[in-house]
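Supplied in structure tokens, the structure appears directly below.
Chain IDs A, B, C and D follow the sequence of writing; residue 1 opens each chain.
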């Protein structure tokens, strides 16, 4: 297992939206092996309180430059300390950890659903999906068209949209207060979209075919989503799981749980398995197939 | 009581010798009322570990600019965190606390004895002694000539000497390793000096008169020290106390003790009183007359 | 599924600030006064014994009559010098102390501290510690002569003295004996202050109530120690010392919870309380009032911040009186 | 007065680094191997039960055979799913956990974990927890069949289960009963793991030794709790949970000190150990070995740093063998 644990250099730490920061870290070891959906365990403070490391997803990793990126929201003591770090500081990180999102080759219409800070790991995912979308070099641009349904509390919290578009995702933004994009939840859009495009339930096949009003249809209305990926607050994941249960599309969700070790040793991060008992969010996940879990 | 407690701006935080920092703070309230020998209780970290405030002496205070200064040595977690603060940061301080050095008007030959970081509060003292040395404005320069015996581990740790000289102190430096000034301890010099200058014991009166080789004698060989002030490690204070017991010169020592509250409420900082029982370093001190304590 | 989930859930753990936002236009006032076994306090936040001297030391920073009550440093029959230094040692998120009940004795207190304290306009609770039951009785009787003393807190839990102290609080029988002695010595409200260094705190609380305690306060310090690895000797003269501060909060909270289920008298909760959130936890667990100890040393304004935080919390929750939340997490 | 005082005293508290500077030219080697009731360990640093899985999880970071020994997650007779989440809650310098003994059961352990573990080249200690004495007996017997198991640690202190667990460790009689059952089931060394949630730890240790324990390990977690002030309910399903980490160190150290004075068997000290200085404190208090638990989560290399720190400390002090310092602060 290529797991890194040690002190790395902070390259930058910038507030990209109110209370939301992006931090660049120099860590060739982690950059080399990281895959989307994996996370770091970050020691925010070298002292003994706050004590535990904080799990933060990897939002970008670049093998060539050896850089990784995280995007985090300041919610408490640990992230508060993180936000005050500057580029001359070092940071103690451990990672990459966990099982990330599967990124099969050749997907043409993956759908990502993100809520708030949950969008962070989806940026890394979007890039990987795009990069893996075609085995050959021709026809790629026109062929790949991901869909991204993302939600934020309000317009000022939106981040990463340009990046998603650069990765050839059609982006639909929702906000709770309607201050940008649709007023509502990204899961509403997902549901609506799937209802139109999907041949399931079988009796609805015709509806699916006539879904000419969906965003991507101009490019390739015949392509059905091959996978749905979601990360966000629990209610979002619940809804995605519920929607998934009505389709046959493989659906992957990334869950959060309070963690101690982050490596599977303490059994602290239990999530309820549909097979009975518990799975470990840190090692068996944080990404699971939606049907694996009871949310 | 004019006690300040709150967040103040850090003006600068500079390493003035290896592991020794000087920090400037903007705190008009404390600058207004501080007297030499008093200290601050500093919260080095806003979290819960390290938990207690750290007592640090006030090394300078300027009523006009509202600035105070501390000089501290990095020895552990708290001072380590302090050293990493920068001028944009705020610092939670409480002070001025404790009973400082008495600074009577009109002294002409005060003697200060400092060891290592213990020199810090003596800088403030030296300035005050100088400023109070004469009630009138004439004849002051030639009249006042303090003596400073200071010790450090090695030459590179020396700080504040120019400042002492600017305050009209004749400075004698000792180092443990002889890398600067005398090899030995400042208390040796104190002892030697007093032996020569002092009319005590009475049988030695003649010796005292002939002490023409002492540093200040060129200026005013007839002036006897009116007070001795000491701050430094416990063995230094012990020795000063022992020397003091052989003279009649009022001798003041500033002691250190582990503290919790810093205001006299917890009885945590007990120092043994020669009158029986204990005194509180934080409130009854940290400056005591040497004979008040059992060291 | 809650339709408005995003509003709450994008910030996955609802921030504590949101707890303090007024939910109703009418709840702009909350009554945080409490009456604990006859001690009328304008708010439930007291200064814990031994961390606030005799109320004078922090008076330079704020008007101490803003507190709900002040508990004195532990008093003994005769004055005591206390233990030799060091008396304080920092531990992770806590401190060890071995003060050893330095105090002017009951008579010294009455002569030197009480005249000022009784004019301070704040309920004063005298904390007493005896070597034996008779000490407790005599101190309680003598203190009852004071006009205006609010209550007596019988400390049967001091870990830093040769005799008495914690030993009383570690067994139901001796706890009963000590509290009984106090009860017989006074008509003032009697608060039994318990030691956490026991297998079953409920038994001790029950014994104290059976002996006539009108309220229970807990916890006193956990027994701990530290070793100086340079000298290869215990840091403290008396080897053991008392652990307090945020580090012990989870233990203190658990004991308040347990005692709330065991006895019917009011509980004064303490042990690591440093914020209004901590205070709310203790009240939900069953404390009718809280005492702030070690936190005074870290932030002298902590008690005031707790008072105003509690008030805002209640208003934010649309709760008009504090006692609606006491024990409500059970 | 020490003539060379300045050399030491200008830096008023001798730095810990100086403790590690070699004092003599000859002491460039120190033996830190220990043999605890027949468990030969190349160093005295073990991974504490429940914080190190079955030794596999940290193997991605370093060769775990560098540790003195590994203690398994607590095993029960039948496999268990453990408690519902949340299972972990951070507190000041500590954590509360309520895992609830999720484990594959003794048979699952033997089948799935043991084959790999027994080849790891490191002493493996099986930690067991029973609902009743018979459970302890049966598990001990079954585990004794394993070829190469180093010892059995009988956990009579788990606070997070319905039956058994901590209740056994809170009274001398039941502690005796549980340990006796283990003793009867095995010829392997038996380690009794004690709960700190007792009035007098010495009594429990004595009972365990009388029942045949070859060593004592302590402490397990302190019982604590937390309340969610948003939901106004306890954070944990089972209300109470176990407190571990640096916050509890002073209490753990005190108990090691007490038990060292009460019994003659070796002690495995744990509770908040995060640095080599902590480990030295425990050894000076009387621990022959130490276990690192919570600190693994904060710094996975903590056990390795402790091992090398201990070695340098001994060399710096001119001490050739670890057992010269064990208990030497008494």
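A few comments on the model shown:
Keep this in mind: contacts are C-beta pairs under 8 Å (C-beta built on N, C-alpha and C of every residue); 3 or more make two chains touch, one makes a residue touch a chain.
Bear in mind the structure is a predicted one, so any value in this text is a computation, not a measurement.
Listed by label, the chains that touch chain A and also chain C are B, D.
If each chain is reduced to the centroid of its CA atoms, chain A and chain D end up 39 Å from each other.
Chain geometry summary: the mean Cα position of chain A and that of chain B are 59 Å apart. With centres taken as mean Cα positions, chain D sits 47 Å from chain B.
Averaged C-alpha coordinates put the centre of chain C at 33 Å from the centre of chain D. Annotation for chain C: residues touching 2 or more other chains are 92-94, 245-246.
Counting partners per residue, chain A has 48-50 as the residues that reach two or more other chains.
Because contacts link each chain to all the remaining chains, their graph is best described as complete. Contact residues of chain D toward chain B in the complex are 1-2, 4-7, 9-13, 15, 92-93, 246.
Interface of chain A with chain D (complex): residues 1-3, 5, 43, 48-53, 92, 94, 257-272, 276-278, 283. The residues of chain C lying in touch with chain D in their complex are 14, 16, 19, 91-94, 96, 170-171, 197-200, 222-227, 229-230, 232-234, 239-241, 243, 245-251, 253-254, 257, 272, 277, 280-281, 284-285, 313, 325, 328-329. In the complex of the two chains, the chain B residues touching chain A come out as 45, 47-50, 77, 81. By the touch criterion stated above, chain B contacts chain D in their complex at residues 48-49, 73, 75-76, 115-117, 151-153, 157, 176, 185, 232-236, 238-239, 256.
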